[in-house]
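Shared between the two complexes below is chain A, which has chain B as its partner in the first and chain C in the second.
Presenting the complex of A and B:
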């Protein structure tokens, strides 16, 4: 501590170390939060259902997605990334997951939402297995923190079925 | 700074930073604002820098009288005699 530079350096390194500890504690405090999100997805319409030239099935649907994700937000949350995926089984793959829609929720106020939309990303199968296929729609979310650990979870909604024939 | 001042400066710096960190985290957590935590802590770091880093006069109270170089030459450092390996005592 005998010179200005020495003290300035000691202060700088100590303060940054303490800052790292504070951020670690902030991340740990996220574990105290017990979230209770809810969601519902309704398929309003199958817009079309075709077999593409390459032999893969493709579906276009309009969905009504409602969700209340407000309980996911903590003081250490920067944003929540949410997406809807269709999940089903085929002879070739035991699990297919196709992402249909996603969004970024920046604040708690935006987290209680309702949206009616066609699928943002194409619902294409590897092959032509979709006729009469039963599938689940899952709402996944990633809670992105300001510092520290990211939490991810999902809600599975089952009971959806595609038409037997192409339209 | 004198030796006592250096010790005070180091201890004061550590204590001030820790106190500001605890206050900042508590206030930020209770208010639910990460921004608030960072702002309080940043203010604390600046305040601590102003108090402990510059060479303030209160750090220099136990002022040591360093000898003038010419004065030091009049009192030369004692020569250490080469020690005989069997003897344990060191002659001054």
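Presenting the complex of A and C:
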């Protein structure tokens, strides 16, 4: 019971167990954080709004996105992935979520930001339902930890509406 | 429903680097979980494309869910990629359906997968390890 092999094995098992325990504690410490992020999104302009040759509506818009996500960062935070999605309902689809813009926030200092941008990804419907369509803009964040559980949440902003006519 | 642990080995790490270069470093161990909850934008999913044997771990950026059947069509993209995954899907395929998706990534343990990576990259280490273990077994007193 005192050979090198047995002792090396015992040491290795113990170290891996401690490592796993430390990772678990680091991850659990994230639950102590109660984040209070804020955000506002303004649609500055509808750049164009057309029915594409394949029959689906597409719209290009410019938005002003402000957010303060500093309270999401803990010492166990590697980075935060943030994105803005348009959410709406159509007769065929109970839910449509279309990501319009996203970014990776590497540190807390970058987490209080303001950006004016056109949609990064194409806002295309399945069909031709977007004229006069009311939709929500949701700001989602996904916190990637250095170790442990990822968590995500969102802020829903409602009251947006697309034009009645193509332009 | 079940937990699948999935080691990021040298081949899968290419996709991982595309998705989350800073987030999931080489050698990380990604925890996957599949539940009946509907798939929503922002979730990181693992999926297989017909004809490709290596699963891809990317984020859902578009969701269209049918009123009548509840079935869902999603589009994915690696966070650090410029374009979406349509180039990766099968010929003519524009969307992923639920049956393509094997699980969601829910958590992460760094560095744990390094043992597998080292053994895959340098097979000689695998042989040395197995040889040493075999030797230990043979020479142990009881």
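In this section, the second predicted complex is superposed on the first by the 166 of 167 C-alpha atoms of A that agree within 3 Å, B and C clash if a C-alpha of one lies under 4 Å from a C-alpha of the other, contacts with A are read in each partner's own complex, and residues count from 1 in each chain.
Throughout what follows, a contact is a pair of C-beta atoms (placed from the backbone, for glycine too) under 8 Å apart; a residue touches a chain by one contact, two chains touch by 3 or more.
No experiment lies behind these values; they were computed from the predicted model shown.
Of the two partner chains, chain B is the only one touched by A:29; chain C is not. Once the two complexes are laid over each other on the shared chain, residue contacts for A:7 go to chain B alone; chain C is not touched. One of chain B and chain C touches more residues of chain A, and that partner is C. Touch criterion met: A:92 reaches chain C, while chain B stays clear of it. By the document's definition of touching, of the two partners only chain B reaches A:21; chain C does not.
Residue contacts after overlaying the shared chain place A:75 against chain B, while chain C stays out of touching range. Touch criterion met: A:146 reaches chain B and chain C at once. Within chain A, the residues touched by chain B in the first complex and by chain C in the second are 146. Those residues of chain B that touch chain A in the shared complex are 1, 6-7, 9-10, 13-14, 17-18, 21, 24-25, 28-29, 31-34, 37, 41, 45, 48-49, 52-55. On the side of chain A, the complex with chain B involves touching residues 1-2, 4, 7-8, 10-11, 14-15, 18-19, 21-22, 25-26, 29, 74-76, 146. Looking at the complex, you find that chain A touches chain C at residues 3, 5, 20, 23, 27, 78-79, 81, 83, 85, 91-99, 102, 104, 106, 121, 126, 140, 142, 144-150, 152, 154. Residues 20, 22-24, 40-44, 59, 61-67, 70, 73, 77, 79-80, 84, 105-110, 136, 140-141 of chain C touch chain A in their complex.
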